[in-house]
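Heads up, there are several structures right after this.
Shared between the two complexes below is chain A, which pairs with chain B and chain C, respectively.
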Partner chain A sequence: MSDVALKLDGVGKHYKFFELDDVRLELPHGHIMGFIGPNGAGKSTTIRILMGLVHQDRGEVTVLGHRMPEDQAAAKWDIGFASEDMRLYNEATLDWHLRFVRSIFPSWDEQYAQLLLKRFDLKPAQHIKGLSHGQRTKAALLLVLARRPRLLILDEPTTGLDPVARHEILRELTDVMSDDRRSILFSSHNTQDVEQISDQITFIDRGRIIDSRDKETFIDRWRRIRVELPSGIQMPALTGVIDIQQSGRLAVATTNAFDGVMPRAYEAAGIHVHAVENMTLEEIFVQNVQHSREGEHA
Partner chain B sequence: MLSDTGFVLSQADGRPMYLQIIEQIRQRIAVGDWPAGEQLPSIRQLATDLGVSVITIKRAYFELEREGVILTQHGKGSIVANGANVGSRIHEQDLAKHLEQVARIGALLGLTPKEIQARLREALERLTATGKERT
Partner chain C sequence: MNRALVGRLILKDWYLSRLTLALVAAGGSVSIGVVYVGGSLGFIGLLTSLMTTIFLSILLPTTTIVNERKNHNLAFVMSLPISPMEYTAAKVLGNLSAFLVLWAIIAISVIVTIARAGPFGGVIPLATMAALSPFVTFCLLTAVSIVVESEMWAMITMGASNCAYSFWFLLFRIPGFSENMKSPVPIWSRPVLLILAGQITVIVAALVLTFYLQSRKRDFV
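Our next item is the complex of A and B:
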């Protein structure tokens, strides 16, 4: 068994109006990775390449030890994939779908399927066409979860769900992680979901990975430092400070490489440090994208 | 967010999640719910219970271990550290932290040390007063 659940190395794909460029990603077994990016950043393209649904022009892709796209048939026994645009059969009941998936996958866990039906508040006898968007999303996820796959690849699993449904799904995802051989990659716009359950976080923008590391490191390295400048003193340039907003004598410095010496360096320059604040993942994400786009323009 | 351990995490709390978890574990030890030698939930178990990532719990346990509040033995999990006064030591650390904040905020407001002392005395008096009302 390979030591990582999935790995992309130097992966690229060219489209007329979009270029996925040099994507490098690694997800160790037993981890959850949140994959965040604005609309059109390349999240779904990356996920489709992982699933062998889109073939990369260049680069290596390995999923559960299988090379993609060549080995995709073998890999898919152990991958559970759900995406927004996945369709169930409108004219069939949920129960028909359950029996259908069960007949294909020997790993199907009927007890767990029944438990999920209750937790997700779904009725097996109901036809798919009568389900709401949220119910369909939950039904599709149930069909994937009950197979107990070693790797879950979920494209926007919580988009369009009400808070209760979102919570149920997040809880089910963390439940998967009680088994340390299973892994999850999920994409989302919802940074709050990602912040709560992810071990690893990857930001993608305009077809490039702009940052990828473990969540605690992310949160640790980003800080906002609020300072007061005595008149006549300028903000010194500190390495690691990527943004300074100043209005009058108050300034806010944002850093992506926080170090305890930073506030002391300001104090030494005669600048009064009011506060050192943590940032939410959402704030970090927006700053990160802006910073990386400015770098491109420069 | 409720769990089997009874931990409740707040999303409105500005602090990182691991700090909230550290605080709740410290409280349980401080009030004596988790005595010395008590086995803590495994990292994965607590992550599943709370619906947060494994790495968040790892970080919390790592910090608690570093402070000597818990002991981690490889393959056996973590236990509450021995030492009769872990509880009071935690309160002690808490107090030191808060006093430091009082001093810092006081200075920020331009208060003199004497004024800060007076404010602290007032707070103490208020606390004893409300305590008397209740009893």
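Our next item is the complex of A and C:
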């Protein structure tokens, strides 16, 4: 068995107004990767390439040891896929969908399906067209989870959901990971959701992966340092500081390579360090995107 | 080819089109009955039989292919362990089998009823061409819906196919065509055979091209 659940190596796809460029990504088994990007960044295109629904123009894609798109039919036995724009059949009941999916997948876990029906408060006899957006999302996720797939690929599954529905879905995804053979790739532009459940984070913007590492490293390396500059002293250029915002004598330095030496270096330059603050994933994401875009324009 | 899974997808489409299929079966039965009664009602029966199969030729691909894409169900289907070619096979075979069963029953029943009703054999070549027309429409619409993936192009195909029925009157300008229709036995003249050959060619070409073009496609959802 391959060491990684999925791997993209130098993947590119050209469209008239969008280019996915040199995407390199690996998700080891047993991990949840949050795949974050603004709207139109290339998250869905990357995910469709992973599912074999869109063929890459260049590069290699391997999912659960299967080459994509050639082996997609074999790979999809073990992949559970749900996306924000995926809909079940309006004119059929949830029970019909349950029977349909159960008839295809020998791995179907009926006990778990019944448990999820209760947890999500879904009625099998109800037609899909009568369900709310949250219920439809939960129904789609139930059909995926009860198959017990080794890899879940979820494209914006929590978009448009109320906080309660989001919480229920995120809790189920966390439960899935109690089995360490399973992996999840979870795309979203909601960094709160991603921060809550992921242990790996990848940022994508304008068709390029701009950063990818484990969540703890992100949180540890990104800091905001608030300082006060005595008159006549300039902010020194420290390695790893990617942004400085100054207003009068007060300045805020943002770093993506924080270590304990940085505040001491400022102090040594005669600058008073007021605070070293952790950043939320959303702040890190925004800074990362801005830094990447400034690099493009430089 | 995962035949079991393709079979399940076909059953799914039959189930989801059950209302269309039931309506066509009911309409077809009534039409055949009216043709059987004969007299002045016989002509109405012929027309309603034709309308019923036209209805089937349009509604079946629309329900199972165009609407599936429009309603965002395609991502659900393609998340199942199938390849795009298996999806294509399921769509073509499922639609074709459902269409053929009802179309063949209606078309054959109407033609047999005409043949047994009396000395109206001369009408049979026209009835055969008329019966094949919805089959041509069905194959074209199925091919366009699967390959082009555009509701607009599907509607253009429907419109063009329906407009084509308006040109049937040109048949009566073919020398001898009207006279041949009055014959007690069918007369398969050269123009009639050419038209039938053309219809069959379009049917086969549409189905073959569907698989060929799908095999070259790179984006499915």
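Note that in this section the second predicted complex is superposed on the first by the 298 of 298 C-alpha atoms of A that agree within 3 Å, B and C clash if a C-alpha of one lies under 4 Å from a C-alpha of the other, contacts with A are read in each partner's own complex, and residues count from 1 in each chain.
The definition used in the following text is that a contact is a pair of C-beta atoms (placed from the backbone, for glycine too) under 8 Å apart; a residue touches a chain by one contact, two chains touch by 3 or more.
For clarity, every value in this text was computed on a predicted model and none was experimentally measured.
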- prompt: Where does A:243 make contact in the superposed view: on chain B (first), on chain C (second), on both, or on neither?
  reply: neither
Task: Once the structures are superposed on A, label A:283 by its partner contacts, choosing first (chain B), second (chain C), both or neither.
output: neither
Query: For chain A, which side has the bigger count of touched residues, chain B or chain C?
result: C
Message: Quick one: is A:219 in contact with chain B, with chain C, with both, or with neither? Answer first, second, both or neither.
response: first
Message: Looking at A:88 after the superposition, I want to know if it touches chain B, chain C, both of them or none. Which is it: first, second, both, neither?
response: second
Query: Which holds for A:55: it touches chain B only (first), chain C only (second), both, or neither?
result: second
Task: Pick one for A:21: touches chain B only (first), chain C only (second), both, or neither.
output: neither
- prompt: Counting only touches as set out at the top, which of chain B and chain C does A:197 meet: first, second, both, neither?
  reply: first
- request: Show which residues of chain B lie in contact with chain A when the two form their complex.
  value: 11, 14-18, 44-45, 47-48, 50-56, 59, 108
Message: Touching residues of chain A toward chain C in the complex: what are they?
response: 48, 51-55, 72-77, 79-83, 85-92, 96, 100, 103-104, 140, 144
- request: Give every residue of chain C touching chain A within the complex, in rising order.
  value: 2, 5, 8, 12, 15-16, 71-73, 75-76, 78-83, 86, 218-221
Statement: Given the complex, residues on chain A that touch chain B span 30-32, 170-171, 174-175, 177-178, 180, 192, 195-200, 214-216, 219, 274, 277-278
